[in-house]
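Common to both upcoming complexes is chain A, partnered first by chain B, then by chain C.
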Partner chain A sequence: MLNNGKIAGFIGKKTLRLVSLLIVVCFASFMLIQSSPIDPVRAYIGEMPVTAEHKAKLEEYWGVNTPPQEKFLNWAGDIVKGDFGTSLIYRTPVIDVIKERFTASLVLMGVSWLFAGILGFVLGIVAGMKQGTWVDKAIKTYCYALAAAPTFWLALVLLMVFSVYLGWFPIGLSVPIGVTADNVTFFDWFKRLILPALTLSLLDVAKITMFTREKLIEVLSSDYVLFAKARGEKGLDLVLRHGIRNVALPAITLQFLGFSELFGGTVLVEQVFSYPGIGQAAVAAGLRSDVPLLLGIVIFSTLFVFFGNLIADIIYEFVDPRIRQQEASI
Partner chain B sequence: MGYKAEIKTKKELITGLSTIIGEKEKAKALLKVEDLSLSFIQYASGLRQTELKVISNLSLQAYKGEILAVVGSSGSGKSLLAHAILGILPSNAKLDGKIEYNGEELTQEKKEEMRGKEIALIPQAITYLDPLMKISDQVMGCVEKKDEGLMKKFQREIFQRYNLKPEVERMLPHELSGGMARRVLVSTAVISSSKLVIADEPTPGLDEKTLNETLSYFKDMADKGCAVILITHDIEAALKISHKIAVFYAGTILEIANVEDFKNNGENLRHPYTRALWNALPQNKFQAIKGHQPIQDEVIDGCIFYERCSKKKALCSQGIPQLKKINGGVVRCNNAS
Partner chain C sequence: MSTALATVNRGLFRGLNLRQKTLMIIGSTSLLLLAIVVSSVYLGGEPLQTNFGSKNLAPSLEHPFGTDWMGRDMFARTLEGLGLSILVGGLASTISTILTIFLGLLSSTGKTADSFVSWLVDLFLSIPHLLLIILISIGMGGGAKGVVIGVALTHWPSLTRVVRAEIKQLKTQEYIHISRNLGRSKIWIATKHILPHLVPQILLGTILMFPHAILHEASVTFLGFGLSPHEPAIGIILSESMRYLSAGYWWLAFFPGLSLLIVVLAFDLIGENLGKLMNPKNAHE
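Entry: the complex of A and B
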């Protein structure tokens, strides 16, 4: 039923949009950094004492005095070739840092995204089914409270309760200190993933719950549910048969659209839990003037959010049979 | 006190009346609605509750093998009558009166048990089908795994009878044409093998051919022994196939006439409103009467048609006229004889 012309058009449009988005993002963030008081030479030498002569040489090497547009073109040209430069704080190629950090973050974000999606959907369905009862009110209150709580605060509270008072989980990091990489067990790593993932997902749950609840109430007051009741369907069966079917697609779409918030949350959560992910690297790069790393992270997070939105669009355009059909009939 | 006593006697009278009608008709009514009132509880300003009455003192009977058309203008609460019989009213609805099915009182539990099995609804529009479910699954309804094969066979037979191609089974509601949709909606009732079928506005927007075709499905059902209640605002369509016509006005039934009464100039019609309806038809006098139906929260003491009636008397403004049985039909009018 899908016609190839439409797919080709979709891909073409999206590619064009991605390219233009990247150009704008690169240019804007480059110019922001350019006009910020960051001094790459200062960042490089750190606290080392250097002579003025030495410093001038370094400035020459780092290209401090080249005009901004030339700097941008040089940098952008390297990016196109796949060279993201070298991180000043990690002293390794930016691409390697990002690879390692992004993997760690993807695991964290993936786990919490999935957990939040499932939990939020179930809670939303329950609240929608029991609309107006104390169950619904409890779930709603929980969602409002969570939606109002700042991420870092929730992270701190969880850390205090579960790691400090109860001692169930380690305080931070993704692996135990003083253990070589080969000796880290899956369990060690997993134990340290739970709290940050929980923080991230708890916040995400509120949004998806409220959305699912609202949508289910809408479905339950629809004509087709009334007719289903008139035909003897009732209770949980009815919700499973008609509710889930009609709520799932928009809920999944929303969950993919939430990638940007997920990324924002990760930055804060990783900071509180000292989880060595991309968010923490971004903060470090910013605080310690690691320009190549910061710009690299900006590019990759742009890609991440873009693909989240892209998946939502694909679901919307190609998976929903109603939209698919409309397009075909035009 | 006096008011209550009056209500009581009135109820007795109506009950008495329907027994007379029942005896006369010999056959027992499959569905008997007596003195049904329906109101919605609403919150006006702040916490003050108000009751909005949409159906009042409504009585009707449906017999096996017969089509009863409930005819009234749009927005007069006809669909709510269907919803009341099926027990699918919203939670703020308050229902009074008695509904009997096959001699047994229909309580909410009973309705829940009966609907889809004994009583079927044919809805107005395609929006009553799940937009994301295949047609065959919707027509079959919620079936247990073991019955699935049998139901599938049923469904295929019905589709064949209604001239629905096999590929319709796999379609989604939005892919159906108007005529196909109508046939699919009718199939949902036929597959349930219900004894009582309530069709809610099944004809609007249909062309002549599809309209006649749809009407023939109901005739078929009645011929097979079902009691059919046809709720419609299209009096012409109703006259084509119905045995009895119940005239619905502002939440109640003013007259139940036999279809023969609508012959000629309608001089056999009992209620002024029914006559006015008949005269309003293009092929008759094409004359509309002045005024409009009372709005739901208007409190009317007396005949509900009083304001617009051409034959009103002083008596008509005091107390609701009693149901009278005249010439094989029922009417709620003081002047009818």
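Entry: the complex of A and C
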């Protein structure tokens, strides 16, 4: 029963939540950075020699001596106006850096997210169908091992095997040497996407496979499947008709709830493959004290996670309210 | 059908029953982990001395994991790194567990407290986990202190969620109502009636938190925010190995990472088997 009142209430509640969340996240992350021994002037001038006079000017410009509350209000005021400041390492507006980097990362995350979801679901269905056989055991072992593997190590191993030994893929850089970013052919770009995407999805597969497997086993031991079996349905047909329909939606929801881990994986994978995405920018910003960029990335990644959760919530609330009831009963 | 399948006793240890087997798995994996920690503590610096006469050697009997560009034995370095990782992970998960117990009990005392705890959980889960650790570790000034605080402050939310749900269910029990009617204070009920029920959940949750904490510590160190490059941490070893990748020194990255994987798996195994012992209802799965 979809009525307008419920939808309006849902949207209102979520908007309120998003706004309050953003305010708290901005405040908390700003204060965290404030408390760290980062010197913005040092970060700006880097290793250049400067006169004391010049330094004092810069200190005034960066507001070293203004109290933190005032600094926060200034910064937050700018954020509300849509001005995220200027990145110290890229020397361009933060918003431009994030736009460019996030698009690259979204492609990477999207590809691996889809691939992991589909592969994980299929593996989970197969394992659940063949529960207890060697196929099931092999899939389970694979999942356990992958769930325990450090992301960056798997990335390193794949890089060693496919780039260093087999030479199928380039070792780093998303753009070939001597070619500007505008002239990259689709194939070049695609070639550099494969390994990072593969790493990311291999790791993601484990969670969704185990979940799908458990759910399918649960469904297959239910009364209505017993009845269907009594009617003569069997094999793949039975699973397709009764299993997949019941398992698909919770599995999709779980995939949306995994945005936070997906982002974390992307940071590590991008670092190993030097893929110019948001994760690499975040690490560079953190290591080289680029505070405006780091805070900007925190805000946008929070939004990213929020929208993942929001989609999962929409599925809970409107598409299949049973999931919510199940969660509540656990 | 599935239960019948699981209880068929075959294989090497068919003389033992399922409980004995479970205990054996727990015992042997704990022993392995203990051996790693103890040997890393008592190993001292001797095999870590630089020896330029034997640099970049491939794995052999003398150096099972090979040597690095300074001639240090990778096996010893890996062992040291694993010990350090386990200690850091252990410290961080202990702090996380204390936070969980505190917040869980706080949430049991009233409605406002409960919504505050759930708000806090949602807040910590709203920033990508790795980014939050990086942020906290920068805020704390980096180094070992930064990474321990970062990992400790970010691993409690999921366990707190579980504990909160458990508490909610416990609070509907008769004996809690009676106790309240007898005039016991909320704190008394929380510590005397609710806490004892949470012990298995929390113990299990802590052990299952270990692998996460270890992996996150290694990741953050790998990215350059955690332990300093002088420490023999796994993250440092792997990030150094990246520079020698194209030279074909595969053992620099392969073995340390694999050992980390085995340690993480060992913790998972212990957690799962302990879960079987503590919660026999689900043991047949």
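Just so it is clear, the second predicted complex is superposed on the first by the 318 of 330 C-alpha atoms of A that agree within 3 Å, B and C clash if a C-alpha of one lies under 4 Å from a C-alpha of the other, contacts with A are read in each partner's own complex, and residues count from 1 in each chain.
Assume a contact is a pair of C-beta atoms (placed from the backbone, for glycine too) under 8 Å apart; a residue touches a chain by one contact, two chains touch by 3 or more.
Source: prediction; values computed, not measured.
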Chain B versus chain C as contact partner of A:229, first or second or both or neither: first
Contacts of A:160 with chain B and chain C, given as first, second, both or neither: second
Residues of chain A touched, compared between chain B and chain C (which is higher): C
Contacts of A:283 with chain B and chain C, given as first, second, both or neither: second
First (chain B), second (chain C), both or neither touched by A:298: second
Which of chain B and chain C A:190 touches, first, second, both or neither: neither
Contacts of A:268 with chain B and chain C, given as first, second, both or neither: second
Touched partner set for A:36, first chain B, second chain C, both or neither: second
Chain B and chain C contact sites that coincide on chain A, given as residue numbers: none
Of all residues in chain A, those that touch chain B in their complex: 222-224, 226-234, 237, 241-242, 245-246, 249, 321-322, 325-326
Residue numbers on chain A that touch chain C, as the complex places them: 21, 24-25, 28-29, 31-33, 35-38, 131-132, 144-145, 147-154, 156-157, 159-160, 164, 171, 217, 221, 259-261, 263-264, 267-268, 271-272, 282-283, 286-287, 294, 297-298, 301-302, 304-306, 309, 330
Touch list for chain B against partner chain A, complex: 83, 86, 88, 112, 115-117, 120-121, 123, 125, 127-133, 141-142, 172, 174-175, 188, 192
Chain A-touching residues of chain C, taken from the complex the two chains share: 2, 5-6, 122-123, 125-131, 134-136, 138-142, 165, 211, 215, 218-219, 222-225, 234, 238, 241-242, 245-246, 248, 250, 253-254, 256-258, 260-261, 264-265, 268
